[in-house]
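Here the structure comes first, spelled out in structure tokens, and everything after it is commentary.
As written, the chains take the letters A, B and C, and residue 1 is the first residue of each chain.
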Amino acid sequence: MVWLDEELTRRQVIRAGAAGGLALGAGGALAGCFGGDDDSANNGAPAPQAQPGDFRPGGTLRIGATGGGAEDTVDGQKPTSDPDIMRTWQLFEPLAVRNAAFTKLEMVLAESLEAEKGKADTWTVRLKPDLEFHNGKTVTADDVIFSLQRILDPKDPKVGAASIGYVDAKGLKKMDARTVRIPLKFANSSFPEDLGQYFNNIVPTDFDPKNPVGTGAFKYKSLKPGEQSTFVRFPNYWRKGEPYVDELVIIDFTEPTAKVNALVGGQVEAINNVPFSQVSSLQGNGNLKVVISETGSWQPFTMRVDADPFKDNRVRQAMRLLVDRDQMVQQVLSGQGRIANDLYAPYDDCYAKDLPQRKQDLEQAKSLLKQAGQSDLRVELVTGDIFRGVVEAAQVFAEQAKGAGVEVKVRKVDTGTFYGDNYLSWPFAQDFWATRTYLTQVAQGSLPDSPFNETHWDDKEFQSLIRQARGELDEDKRCELLKEAQKLEYDKGGYIIPYFSNSVDAHSSKIGGIQEAKSGFTLGNYQLRSVGFLK
Amino acid sequence: MLTRLILRRLALGLLTLWLVSLLVFAATLALPGDAAQAILGREATPERLAALRDQLHLDEPVVTQYLKWLGGILTGDLGNSAATQQPVSELLSDRVGNSLFLVVVSAVVAVPLSIFVGVWTAMRRDRAPDHIVSTGSLILASLPEFVIGIALILLFATEVFHAFPAVSLLGPGEKAWDDPKVVVLPAATLVLAVVPYISRIMRGSMVEVLESEYVTMATLKGLPRRTVIWRHAVPNAIVPAIQVTALQLAYLAGGVVVVEFVFSYPGIGAALVEAVGNRDMPVVQTVTMLAAGIYVGLNILADVATILVTPKLRTAAR
Amino acid sequence: MTDQTVDSALDLALDQPVALVEAAPARGRFALVRDALRLGRTRVGLAIVALIVLIALVGPLVAPHSPTEFVGIPNSPPGGEAAFGTDALGRDVLSRFLHGGITVLWLSAAATLLGMVVGTVVGLVAAYSRNWLDDVLMRGNDVLLAFPQIIFVLLAVSALGPKLWLIVLTVGLTHAPRVARVIRGAALEVVERDFVKSAEVVGEERWRIVFAEVLPNVTSPLLVELGLRMTYSIGLVAGISFLGFGLQPPSADWGLMINENRLSITVQPWAVLLPVIAIGLLTIGTNLVTDGLSRALAGIDRKADS
């Protein structure tokens, strides 16, 4: 068993299952691993929040976001920009998804999601009963099959195709009205995590992206690309009592400053991704509340392990020793972040937190470079306006590298060029990634067949460890394998990961219910259904 | 003959525009490597590449590519934005309105103001007010638009007064005229940029007219000074100003680019800057052709107006 | 703003050459400069330009910090280590300012020079040939003139990317037709003069006539045009950087500084204010000089008339 739904079982049950070892078999262990243990759940619990009783029902909630544009969409399986993602979370729901605190995978439309026969290559999903789409249709196994096949459509693969491409789409089988059997092309214990992402949404079999119908807390009303989208309360939403507001408007702003001005001027009730330089001034405003969330989102420098001069691992190690991570957090993020250790997935239960924190060590770096015959190292770092702080981080890196006599020439290119012909083959560049669990992230960027393997990391030992871990349903054993894998990346990988950046939301003190979100998905996992106007 | 003169100017204008279109089209050819790949970058899925190749007619000979592109421009079929897949016409339609509003507001303020300043200083020729205005406009005319714009922001939006928004934020679906406050500072920037030129020529021309026998006669006849100035002198002095006004309005077609960027004003200028950053050639080309069209069009208009109101030219044409 | 602009503007619109100068070679090459220097505005202008050039040249030597070094937390106010505070990355605003002028200067100078050379050659050749070549060159001029300058530069940048040589090239190219019109206008009259005719009779080579006989007689309008084009070049080059298509980070450059720090203008205005003031002063300076030259030229005209 089990990816039991929290509502049915609560954490205690899962914990009991995990602690007990138990008759639940492999699934129970899984629940322990993915569900997170009690401690981390507690740590991740948000600060005291407005309670439903504090809200007065109704009202129009207006949210300001940036990053949208004319390509804005309401197709729940094709979100790209931040406003797209925000809309997706309101209209649609996946089978499961990591909670805002990122402590566990929470069942959403699924009641359970379990591996068959203790083997991780076939999974069974069982839907909650009586789920309803916005048009009144009940959610059935057919919709699940349709949705997965739509995501994996080889002619028009959706966002999620890269994450669950190993699902055998043709082999999907309806067991009964609420149950689907999902065969995989290879065993993968990380399947629930891969599947449980916001873009793998369930849509009805007659889905029409022009008039999107989902199961989310809000129904679609209108979309004006690059400007705004409007949604209304879905009265038959399965989480009783939610949402609180009658209408939701998501407004696209072209510039972060404009968004901040709109909040201060009362044109919107909440905004996300507040520019770091503005945080302190917003905190001083009595009419506003600022929500700062630590996240696992990371913006690495990417060294190609198969290209000169990074072919030589001593050079890669030296490069990693050049970084003064504290200064990086201070200068680039205005302090809104925390240092990292060249490893990603910090919230994974198997995160290798025992590896020593890497610190700037210019002498060691020099000596490594000397051994590698690269005493006068000069490299070009390709950067671009691809994510907040990335260009700035490049400049800080270049400055820090001078300390060891390494000349880093920052080459800023337009985003078109950055993602052009040379994307994924720049010898030394940057990228950005969201909060993920380890195996999910590995699938995205650290295997030869990963869609975004920008470092060309291709390590046989690593791959064998990942393969074993995917097939391993025992939590402890798997963690051991994953820690070994992380050690390899820590010692030999191509990433320089200086920090995890915070995400900052701000909202009017007239509303409540916006939680912190370690997931990196702002506004408490975009959970606007639990936001309301205070009495 | 007069008609012939005008027709000739029209024909020359069209010829110029055609040559301009060749140059603008050539920009796509200058893209390094595969144009579609260069434009799409990371978004280059096979379908999108195919669609863009199809849109740009990349698989056909260059001449065909050009003719189809030109045909599209002429029939208003501007293709899709490479960055956003949205039709360019749809993408730009609201923005064209906002930019026009900005330009019209600026012109409506700038032209009468310039004429007034020109006349006023001409009447105080070589006296203190004339010198002060002259030096002031020399300084203003020197400054790049973004310097003026940022100075206005510091003065009226952030540091000294908080009278107007520093950023021209428009609510969803709102047009600039729904919230005229946002247009104040951008328009003021453009006004300050063009008034010195128009008022200068107006002053010069007014000085000449004031010295003419015609005005002296009118004054001698005992007509009130006010009547002499506004009824007789100004209408004559205004002719040379028509040219400069048209030129300055045409200049606004370029000036809006920087000014809109300074204020994040949602017009085609800001769209152009964004499109350049994204290598969104269909948008860049459309805005460029639009600007050139306005430029050439206004010049033709100015020529025609000048030809019509200049007695000498009329006679010469005959 | 000068009478020159207005004249060339009219010229452009009417497509009718306006003779700008009654060139008087007997008065000597430097008469115009001498006359201009008698005017207060020329001197003030020169002083301002000298000041800014000095800042740009000497600045890097006297800057208290490296332009890329971090001296404090981002956007900190003036005081302590940083006399004008720190920029959006925590670097010293003053040091970046002192380092950031040189690029604006040399890029605009190079663009101006290119525009002047190309424009002068085209203008002279067109004026001297007065046949189909004249028509072709002038038509080419019209095409380039149909673009507002900045839009032409942006068109090129969108195709080839933000490169410094491209900015010099395109800014220079957009100046050329404007220069060519003025020079052609001035030269049209010179080519009718006796000494040109006699040179033709003697059988002097055409290029020699153009450059040895005609060119020296249009130096005065050329000088005024030079000042005017320099003013516009500075505005354009700094403007392109400001839009983010010029110098790229981590370069210290005035235009780029404004771009990088404009979002935090409310928190730290100095990082924007210093470069804005410098660019503004520089263009005012060059334009004052131009205006002085132009007034001196008008003075020559008056004398020639009388």
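One rule holds in what follows: a residue touches a chain if its C-beta (ideal position, glycine included) is under 8 Å from a C-beta of that chain, and two chains touch if they have at least 3 such contacts.
Every value quoted in this text rests on a predicted model; they were computed, and no experiment measured them.
Of the two chain pairs shown, B-C and A-C, the one joined by more C-beta contacts is B-C.
Of all chains, the one whose CA centroid is most distant from that of subunit C is A. Taking the mean of each chain's C-alpha atoms as its centre, the chain lying closest to the overall protein C-alpha centroid is B.
For the pair subunit A and subunit B, the distance between C-alpha centroids works out to 46 Å. Averaging C-alpha coordinates per chain places the centre of subunit B 21 Å away from that of subunit C. If each chain is reduced to the centroid of its CA atoms, subunit A and subunit C end up 51 Å from each other.
Multi-chain contact residues of subunit A (touching two or more other chains): 255, 257, 414, 417. Multi-chain contact residues, meaning those touching two or more other chains, occur in subunit B at positions 166, 277, 279. Shown for subunit C are the residues in touch with two or more other chains, namely 266.
Across the interface of their complex, subunit B is touched by residues 69-71, 156, 224-228, 249, 251-255, 257-258, 261-262, 267, 385, 414-421, 423 of subunit A. The touching residues of subunit B, counted against subunit C in their complex, run 12, 15-17, 19-20, 23-24, 27-28, 30-32, 137-139, 141-147, 150-151, 153-154, 158-159, 166, 196-197, 200-201, 204, 240, 243-244, 246-247, 250-251, 253-255, 257-258, 261, 272-273, 275-277, 279-281, 284-285, 287-288, 291-292, 295-296, 299, 302-303, 306. Partner subunit C is touched in their complex by these residues of subunit A: 255-257, 275-278, 281, 327, 330-332, 334-335, 383, 391-392, 394-396, 398-399, 410-414, 417. Interface residues of subunit B facing subunit A in the complex, by the touch rule stated above, are 33, 37-39, 41-43, 47, 81, 83-86, 90-91, 165-167, 169, 171-173, 264, 266, 270, 277-279. On the subunit C side of its complex with subunit A, the touching residues are 68-70, 73-75, 88-90, 161-162, 248-250, 263-264, 266-267.
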